[in-house]
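Encoded as structure tokens, here's the structure I'll be asking about.
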Amino acid sequence: MSLRPIRLGDLAAKLGRELEGDGDVEIGGAAALESAGPGDLSFVRSRRFAGLLASSRAGAVIVPPGVDPGGRPAIRSAQPGLDFARAVRCIVPEPPRAAGVHPTAWIAPDARVDESAAIGPHCSVGARCAVGPRALLHANVSLYQDVTVGADCVLHAGCVLRERTALGERVVLQPGVVLGGDGFGYVANERGVLERVPQIGRVVVDDDVEIGANTTIDRGALGDTRVGRRTKIDNLVQVGHNCEIGEDVVIVAQVGLSGSTRVERGAMLMGQVGSAGHLTIGERAFVAGQSGLHRDVPPRARVMGTPAREERTSHRMLAALARLPELLGRVRAIERRLGKRDGGGD
Amino acid sequence: MSLRPIRLGDLAAKLGRELEGDGDVEIGGAAALESAGPGDLSFVRSRRFAGLLASSRAGAVIVPPGVDPGGRPAIRSAQPGLDFARAVRCIVPEPPRAAGVHPTAWIAPDARVDESAAIGPHCSVGARCAVGPRALLHANVSLYQDVTVGADCVLHAGCVLRERTALGERVVLQPGVVLGGDGFGYVANERGVLERVPQIGRVVVDDDVEIGANTTIDRGALGDTRVGRRTKIDNLVQVGHNCEIGEDVVIVAQVGLSGSTRVERGAMLMGQVGSAGHLTIGERAFVAGQSGLHRDVPPRARVMGTPAREERTSHRMLAALARLPELLGRVRAIERRLGKRDGGGD
Amino acid sequence: MSLRPIRLGDLAAKLGRELEGDGDVEIGGAAALESAGPGDLSFVRSRRFAGLLASSRAGAVIVPPGVDPGGRPAIRSAQPGLDFARAVRCIVPEPPRAAGVHPTAWIAPDARVDESAAIGPHCSVGARCAVGPRALLHANVSLYQDVTVGADCVLHAGCVLRERTALGERVVLQPGVVLGGDGFGYVANERGVLERVPQIGRVVVDDDVEIGANTTIDRGALGDTRVGRRTKIDNLVQVGHNCEIGEDVVIVAQVGLSGSTRVERGAMLMGQVGSAGHLTIGERAFVAGQSGLHRDVPPRARVMGTPAREERTSHRMLAALARLPELLGRVRAIERRLGKRDGGGD
């Protein structure tokens, strides 16, 4: 990892935040409070974590209002986490991308690869593909025919994009992502045997989407499977055919969306959630981890459990459930008492 | 996507269905009712969807009995979904497979690749492998030693088939499928440390099986892991060592089967189901999404939940659970009443 | 599969166990009791399985104390499963590893590959990587820059190790494993839009770890994600950034660990478990399949369910839940009775 040291004062200026103390301190790295050394920048996420400052060896810190940096040079920020992330981007720059096609890569004669793009070892780029400026394909990436990859995309090693998949700009795919696999569509024929329903749609991924390792997104059966701008999808997620995922959606690892699920803008699905098909998960809804969805989730709702219920209802049910064994005893006691009084029996 | 236009009359004849209206209409594409244009064929799945016809711009439709195509040329079918799927296969033919070995592929000298097979860029085919007629390996497929791939198989990019894996005919593997990885078998030794149990079995996949992207099927420890004819497995499924999956089974995405699970003919496992090892899931059983199986599932049973119970039992329990918070209140009221009458206490 | 036959007497000596009967019998294979033939060794795991012996055609068996091999030549062992595993390793040796770099592989000029290591077809080994003695990379493995692979590691086909990943010795990665993908770290900026938090840590995997097919382990955000010695991870598992997994841990398929989960030595997580972030799962704890963890698990605790509870509590709750529909009826009966007696109402 190559680092680019920076004066603390210059960093504060870049971030547009106020400097406190010696701006000439040189920052050569970034680390958590517990592990930072004298050359490192660290940060205090919120007042709750201020206690960690005392024992930290960090040379400089980004601190929220109301936290005393204890004599250390500091940058004061209303959003320490955000500013620390930006600071790290300054200190640890992305490795430079060497443009060009690796000699072991195979490019179809009629594919168009921008001359500023980089194609890694053992990639294959199929007929009529278009790879945009500064796009970066790591090793062993396979583009089938008619795939388009927009400017500044990063496709990590081993990704597979099947026919006609379309990526916008600045899309990042972690290793092993599969886009455009055939959807799971079958129909029983006259003899009760399943026949494949041809899957002739595409996967279309909009600008600034990021997709995690070994995640799979199936192509549409008819029409397309779509992922909207800035949406972030974690590892090992399954997105079925014809799903429509809106903008600014967050989908955590191992979620499974059945076909034609609609996830509206800003919704958040925590890990291992499963959704039956043809549902709508409304704008800014929150679905807790491992929930199982069998009906639509209204906008801004917070749901949990299998089958998923409104969060408060679910909490009440869980609390009641914990008291159920005791309740059984209480009902038995009542029955005994009533039985005794009545001389038993009903 | 290259299309092969067809006269509606010819299509009706091919499907063996009755034509209504102008058979000379040329069909140049296929789409859902909502998005179809004047050159497209569409379909009405059942009477329930007939309302969508009025606003559709589709040039022709396949309709079930009792649905009025509204003056549009139509094909009448008792199974519109099935006939539409077959129509799409006519209109959108599979791209032709160019036979031959890509110059960047590596084939072991003693492997036998049929001359009508196609081996894509950067594939590797190990010692003593056999690849049958018209089989198609897309880019970056790895066959270890002694693998057999039957006629007309399609292995999408990045699939890995470890030693001695055997595929029947017409098997389709979506990208990233791993067959024959070592099973998760360990045994504690004298010092309590886990030692690997050698996994010397194979994965054997029968004719017409289809397996989804990034799914993993482990080889048998002793003996084989088997997948029966026509079975369909979705994306990101885990099949443990020595599982025996019968014919015509359907396994939806992210299901996990522990070792030695037996899934009988025609069973259906919905998404994210998990099964403990050494269980039998009976013929034509249905297991609802996210269920957790801890005992055998009888033939034709319908089960759900964790631990999985018979569907009706489970529904009754869930309904009762929803009333539990209220029930707590009712029992409290009874106790108060009895306490009052008795002057409190028991 | 090439086999190395062995005299039963020699095998008993190798295992340090007592021989019973004819030591000159030659063992040419290994199989389960049900499928073994006259040339095969088999074993009886425990007394419970002794009944299978009568109908088995196995030529020799490993049996626990108190089980009569019925005249068959046998090895007597207090740990038949362990000794059988070791016997299989004798009879079915690992295929020899041919050292050297495959002509289709690409090795960066400044990478160091030990001359006894084997690099398979279409691998790529990035700048400044170090691959140790006798390490084996199967086809299509991608090592980014600055990766270290220790002695005797086996990396199966299609594995991807991103920048600075470090493997100890004898680590085994099944096909499709992704180590070092960017963690799922974002922070909302001034406009409420998510910005990526740079992920600058590594994945560090210690000696004798084994990781299953298509499993993904994300690099640390700051600092490292760590997997301790001898830990075994199954297929399709997700390990988030900055997790610390101790020694001798067992993680079954499709488990998902959110960021900064700490799994202590000897803990066991069964299939499809999910864990919220920043939790500690204590030493030797046992987490049942499909559990959802929302708080720490104490050392040696056994927990299950979502949210996970102590096993006994959970069993009691489940038992009570099964009686809930009946309980509703009983409470209704009490109310009716009290209402009747009181002339209705409260």
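Per-chain numbering from 1; labels A, B and C assigned in written order.
Operating definition for what follows: a contact is a pair of C-beta atoms (placed from the backbone, for glycine too) under 8 Å apart; a residue touches a chain by one contact, two chains touch by 3 or more.
Computed from a predicted model, the values in this text were never measured in an experiment.
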item: Same-residue or different-residue interface between chain A and chain B, half as cut-off; value: different
item: Chain B on chain C, rotation in degrees - Cα superposition, rounded to nearest 5; value: 120
item: Chain centre separation in whole Å, for chain B relative to chain A (CA means); value: 25
item: Numbers and ranges of chain B residues touching at least 2 other chains; value: 104, 122, 140, 158, 176, 214, 236, 254, 272, 290, 321, 324, 327, 331, 334, 338
item: Chain B to chain A touching residues, read off their complex; value: 1, 30-32, 35, 79, 81-82, 85-86, 88-89, 92, 95, 102, 104, 120-122, 138-140, 156-158, 172, 174-176, 210, 212-214, 230, 232, 234-236, 248, 250, 252-254, 271-272, 289-290, 305, 318, 321-322, 324-325, 327-328, 331, 334-335, 338, 346
item: Interfacial residue positions of chain C with respect to chain A in the complex; value: 104, 106, 122, 124, 140, 142, 144-146, 158, 160, 162-164, 176, 178, 181-182, 184, 186-190, 193-198, 200, 214, 216, 218, 222-223, 236, 238, 240, 254, 256, 258, 272, 274, 276, 290, 292, 306-307, 309, 316-317, 319-321, 323-324, 327, 330-331, 333-334, 337-338
